[in-house]
Amino acid sequence: MSLSASSLWLIPALPLLAAALTATLPRSRAGLAAAIAIGALALSFLLSCGALVTALAAPGEHLYSNFIWFDLGLGTVRLGWLLDPLTALMCTMVTFVGTLIFIFSSAYMHDDDRAKQFFCFLSLFAAAMLGLLVANSLLLLFICWELVGLASYLLIGFWFHKPSVAAAAKKAFITTRIGDIGFLLGLLWLNDATGSLLFYDGGKGVLETGALSALAAQTTFGGLAVSTAIGLLLFCGAIGKSGQFPLHVWLPDAMEGPTPVSALIHAATMVAAGVFLIARIFPLMEADKLLAAVPVHALSVVATIGAITALLGAFIAIAQNDLKRILAFSTVSQLGYMMLALGVGAPSAAIFHLLTHAFFKALLFLGAGSVIHAAHHEQDIRQLGGLSAKMKLTFATFAIGTMALVGVPLFFSGFWSKEAILHAAHGWQVSHFPFYAALLGVVLTAFYNTRLISEVFFGHGRSRSANHAHENSSVMTTPLVILAFFAIALGFLGAPAYPWIPAKLSGEAAVHGHSLFDGVGLMALSVVLVALGVGAGFALYGRKTRTSSTARDPLEQALPRVFAALAARLGFDELYTATVGRLNAALATFSDLLDRWVFDAVIRFLTRLGQFAGIVNRETDEDLLNGGFDATSQSLRSTGQAYSRAQSGDAHGYLRVIAAGFVLLLLAVLLGGVR
Amino acid sequence: MITLTFIALVTLAAAAVAMSQRNLIHSALLLVASWAGIAGFYLWAGAEFVAFAQILVYVGAVSMVVLFAVLLTRRSHAELAIAPASVKRILAAIVAGGAVLGALFGAVLSTPLASAAAPPPAISVKALGAQLLGRHTASVLLIAVLLTVALLGAVVIASTNSKEDAP
Amino acid sequence: MSLSPLQLCLLFSSALFCVGLIGALARSNTILVLLGVELMLNAANINFIAFWRYGPAPSPATGVLFVIFAIAVAAAEAAVGLALVIAVYRHRRSIQLQDANSLKG
Amino acid sequence: MLGSGIIKGLAVTAKNFVGSYHDPARMVTEQYPEERPKLPEAYRNFPFLVTENATDPMGTLRCVACQICEKECPPQCIYIEKSKDKKPDATGKPQLYPAVFAIDTSVCMSCQICVEVCPFDAIKMDQVFEVAATNRFTGLLLNREQLAKPNSYFHQIHPTDAHEVDTRLAAERKAAEEKAKAAAAAKAAAAAAKPATPAPATATPAAPKPAAQPPTPPTA
Amino acid sequence: MNSSGLSLLSAHLPVAAAADGLLERLPLTLRDTFVQWFPAPTQWLLHHLISIVGILAIFGLFFAFTTVAERKLLGRLQNRLGPNRAGVPKFSFLPFHLKHKLFGLTQPFADAVKALTKEDIVPAAADKLLHFLAPVLVVAFSLLTFAVLPFGRNLIPVELDAALLYFFAAGSATELTIFMAGWASRNKYSLLSAMRALAQVISYELPLLLSVIPVVLVAGTLSTQEIVVAQGFWTFGLLPHWFIFTPWGAAGFLLFLVAALAESNRSPFDLPEAESELIAGHLTEYSGFKYALFFMAEYFGLTALSGLGVTLFLGGWQAPCAFLQFIPSYLWFMGKLVGMIVFFIWVRGTLLRLRIDQLTRLSWQFLVPLALINLGNAAFWALTGAWSGPLQIVRWAVSAALIVVPFVLMGRSLTRGQAPRTYRYAT
């Protein structure tokens, strides 16, 4: 089974079709909508597998199929599909995880009376995301990027009747838009600089050597290479989409949406779009690698931002009480890791971590969803507790996910992917900041995850909902089990013993990179760090579990001010309100005044002018033109009246005239001898 | 010839009496008799298909429509006996009709018609059908469309769906 | 003077035509006028058959086909005409032909 | 499917058709003049006069022409003329009898009041229903001879009723006889004691006074 | 006198059948023998007269016995006896008196005497001429339809090329008499009933014609005799090729039955003259023999329609099996005719009267579309006439599906929302 690049469009088209179909269904047919959405995505998954087979057969090659979108007179706008291992792997992951999440959703959203719309939105999202993955054009990628944003907005705001939800949706949309402005600017600049937006186009694509060397050769303001500037602008989009510092604020709030959405969009797929983008344009990003005279390399910025984000997310996660918020900040942190990996020049490590993260974070979110569903939508970890006994399967899978996230050695995928990143960071010559940040992040991750597990699953229930929780139906748990399996199994794909991913991704031979024993010291260090984090967490939370929902957090008792600052998310939201928000308000006021007093006055003057012209016109018309027409009409009318006397309205009269005419005619014929 | 004269006289008498009757129903029924007489003429002339079609259409269908129309456009039994038309109009009608009759008779009698004593053309129903659906398919289709349109039009015209039309 | 059968048929049809014409002219009732018109149509049909029977026929079926089509058209005409009569009667409460003169000049 | 109901219905009538030829239980029709309807005992229609003896109907009428029924009849369809003389009744006692007793059955409404008021059980309800006549005025006016029917006929149509009436009448007669006997015995004794003095009350006990007693309803 | 299309009682039919036996030719032989006695110039007249008299006598008697058979059958269908009294009157000039009641078979003669001797009441305000003409014309028109029915192999009164057209033309003329009867009575209820009756008869003429057209399509002729001849084949000499034994023919026959019931105002479509509700509708003002004439015309119409059904669908005078052809064809025809009429009586004894809305709904929503579909079905049948072997099975299956599926679907839509009726006091 294989799939060529030219028929790659089928993968996003199927969910799109499903979205269109479900949109036309009546609201009561939620079950059918779910079936259509799941079926379409499952088919997409099968196609993706085909695409994967094709791509793996030619590692390192970029199969593409371009076509003309429309003709612009001066030039044509061309789009295309791209099939390489990156696309294929991502597609397979997105469709597979997506299918599982769809299945989970069909149970999770069972009681919602707008479930049909939910599946419509989900399908739309899947279509946009897959389109983004298969795009061979930055323009197509951008279109899908924005569609993904729209779908995400719709899904976060699915329960829009709750004000906080509506606000969160708005926040997510606007925040990512800020990043997208950068993306758009970069895109336009790139088009201006190279005249094309296609990634690969037989040597003329922007990611191919010709364009790259041209871009790297030019410099622009501040001595930056053009490629650096464009790369950084595009990275702005990735910052917004992937929740990187300083635009990470929307991601935790987006957890107001339904949990499957959180799992699908804000853990597995959409937030990974930023990482994917950077991975996709990696050649562009590293085009300035060899330039020494530039003030900054694009990848250094990426690495720094990634490191900061990784640390920031981990820190804030420590002090959160909302189950999904913790996972959200953990996602922020992990995305930071991926960016870090990209920044230090190891895209294969980043993608490997992206894949494993997608599985175990989707698992964690679905596990959280399972917990929340069972606990009657209770998300506060202080209210939960003691669920390990009540929801054994959920606990087991959740624990596997957590261990993968933490990086418990050897058997969990997270360990191997994180190890790859650490190794890459260690090997980066520019700065050691990312490496140390990553190490600290490992400790923190272990710590807050231990806290999470202890609070949610151990001890005893601290609320009615927690006490009455029970295991969910198999529709919800089966995806958990499958994801848990992959959370373990995926580790072996990229384990140092068999460096499959880098080999396939870059097309280089498998001998490249480190072997199992190459970085054994680093590995040992990270094991120690994990143990440290887990130990600290266990000491604080595990040994003596929380007794009541109102009890103060142990860490809060120890370091109250730090904890408070962390709990307030280091005040980023307030900062933005105070600065950006106020600036925005001032600008709005200014615009209002401008509109009211300047533009309005001009318009009013023009209106008056038009009225005056109309009056003049009318006077002329009535007096001069109409007089003549009236006279003509009058004469026509009197002529008509004269003629209409013949129309007596008496049918007999007409008939008589006809008869007379007939007789006359006949007589004329007979007597006149006309033959 | 005798048969033809007989048929013609009966038909003409029925038609003439129908046209001079004061009772509308009697007029209509006499007209039916006249139409039947014409059918008899067709039969006499050997066009039996046309004769039966004439009976089916006129005696079976048109007469019904006429009778329904008569009954739908009266308010009482007394109204069936319609007021006689003015003498002037009758005179004018007779003059006009007489003129036409004279002209036509004159034309017929003065024309040397080649009346061949040929055997009557025989045409079977099957041959007629073949002609209708062979050479004249377009005409048949046109007639079908015309009939459909006429039927629908008649229904629309005669229906009382708008309040304005209701009596 | 002896008449050929064809002439007799034609005289018959002309007489029928005139009866219909006189009826249509003399009667004020719209239905009767319509019936007069029907009679005139029938008279025309008689001519078709007469010429089919005695005339030099180019095709053995022409006259018959003409009559068949004429009958169909006449049926349609009767249906529409009488529907019109009914519609006019609804508006004017009268079936006198001279009362339906709102289009006069 | 459409039409299954019709087929079921056709099957039902077909069964009726076949069954009507071999299943007498289906056929409820009586072939009337040949087959007489079996009337229920309680069926009553038009009164008749009871006679003791079938061979001499006019001689053994129970009616004593007391005319109570004539007075009570709501539509006044009974006409009675008393006889001038007296004839001995069943017990041998001389009684008046109806010289004319006529009932106009075209007027009679079979209300049975005459039967209920009769103290002598002389008029009873009949079971006739085939009353038709060719004369509108007299054909249905039944006279004494037409009305008289023997007691045995009464037994035949209303056996329970007739039996009860007969028992009662027999008891009354017996009582009367015994009383008469006792009176006769007393009279004999008295005559034996005072043969010379005739007792003025001797006639009284011998004849029971029906009018003085409340009449017994015949069906009681 | 030209009578090109009217060949009378033609004995020269294109029937390639077994040599006519003596019995088969018996009616013709009798007629010819009788006609021989008269001088030649009058023989053609006698030919006609004998046909006419024969039809009048046979179908007059048939009508008479149909009435008594109907009453007796209805009685049996409802567990009654039916008329069984009328026997033979005692004639004083006869030395004996037949006391047997003959199962009441002389009932129609008693009825006839009664109807003839009844007072003929004509309403004072009636249109006397039309009042008289209506019953006369109705009988005349309904008798006219018999002219084209092939009663036997050699027995067809008038053999016309356009016989079916003639049949329906003559049949449609009876509508006029219904109107005449209603209008001439000067009774507004009679008139209203006449209009109702007309509406019913006219609206059911459409499905009736549409159910007949498939036969014309497949047989390729309008001549009744040729249609019968077209059905005179047998498979293995046992299975007759009557049109009813084809899918479209069965459907057409069913449609024909229903439409014929309605067209002849028979129960369950007898609402124009529902005695219990409308006191005989447009016949309210008729009594005595005029009423009997209407009655007679109705039975003639029924008989004629039954005869047409037999001719078109049941093989006419053809024997059901090849070896049964020794029985004269007219007997087969009469047997089938009697069967049809018995079936009509059976239906009358079973089904309840419809409401007027149900009646029209049945016609327009069910019969007409089904008849049109059946027409297409017959066209398919005619076009696939060359199919043989296994294709023959396909042909049958497709044709059957073409009629069964619409029947089931439309039947379902027709009866949608109608539960079986429940009765409170009956089981």
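Letters A, B, C, D and E name the chains as they come in the text, with residue numbers starting at 1 for each one.
The working rule: a contact is a pair of C-beta atoms (placed from the backbone, for glycine too) under 8 Å apart; a residue touches a chain by one contact, two chains touch by 3 or more.
Predicted model only: the values in this text are computed from it and were never measured.
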item: Chains touching both chain A and chain D, listed by label; value: none
item: Steps in the shortest chain-to-chain touch route ending at chain B and beginning at chain A; value: 1
item: Selected interface, B-E versus A-C, where C-beta contact pairs are more numerous; value: B-E
item: Central chain (by mean CA position); value: E
item: Furthest chain, CA centroid comparison against chain A; value: D
item: Where chain B and chain E are represented by their mean Cα positions, the distance between them in whole Å; value: 30
item: For chain C paired with chain E, centre-to-centre distance based on mean C-alpha positions, whole Å; value: 35
item: Distance from the mean Cα position of chain C to that of chain B, given in whole angstrom; value: 6
item: Computed distance of Cα centres, chain E from chain D, in Å; value: 61
item: Multi-partner residues of chain A (each touching 2 or more other chains); value: 652, 656, 659
item: All touching chain pairs, where touch follows the definition stated at the start; value: A-B, A-C, B-C, B-E, D-E
item: Interface residues, chain B side, partner chain A - complex; value: 89, 92-93, 96-97, 99-100, 103-104, 106-107, 110
item: Interface residues, chain A side, partner chain B - complex; value: 652, 656, 659-660, 662-663, 666-667, 669-670
item: Parts of chain E lying in touch with chain B, wherever the complex brings them together; value: 1-2, 4-5, 127, 130, 160-162, 165-166, 168-170, 172-173, 175-176, 179-180, 183, 186, 191, 195, 198, 202, 205, 220-223
item: Chain C residues touching chain A - in the complex, by the definition given at the top; value: 21, 24-25, 28, 33, 97-98, 100-105
item: Residues of chain D touching chain E in the complex; value: 1-3, 5-6, 9-10, 12-14, 16-17, 19-21, 26-29, 31
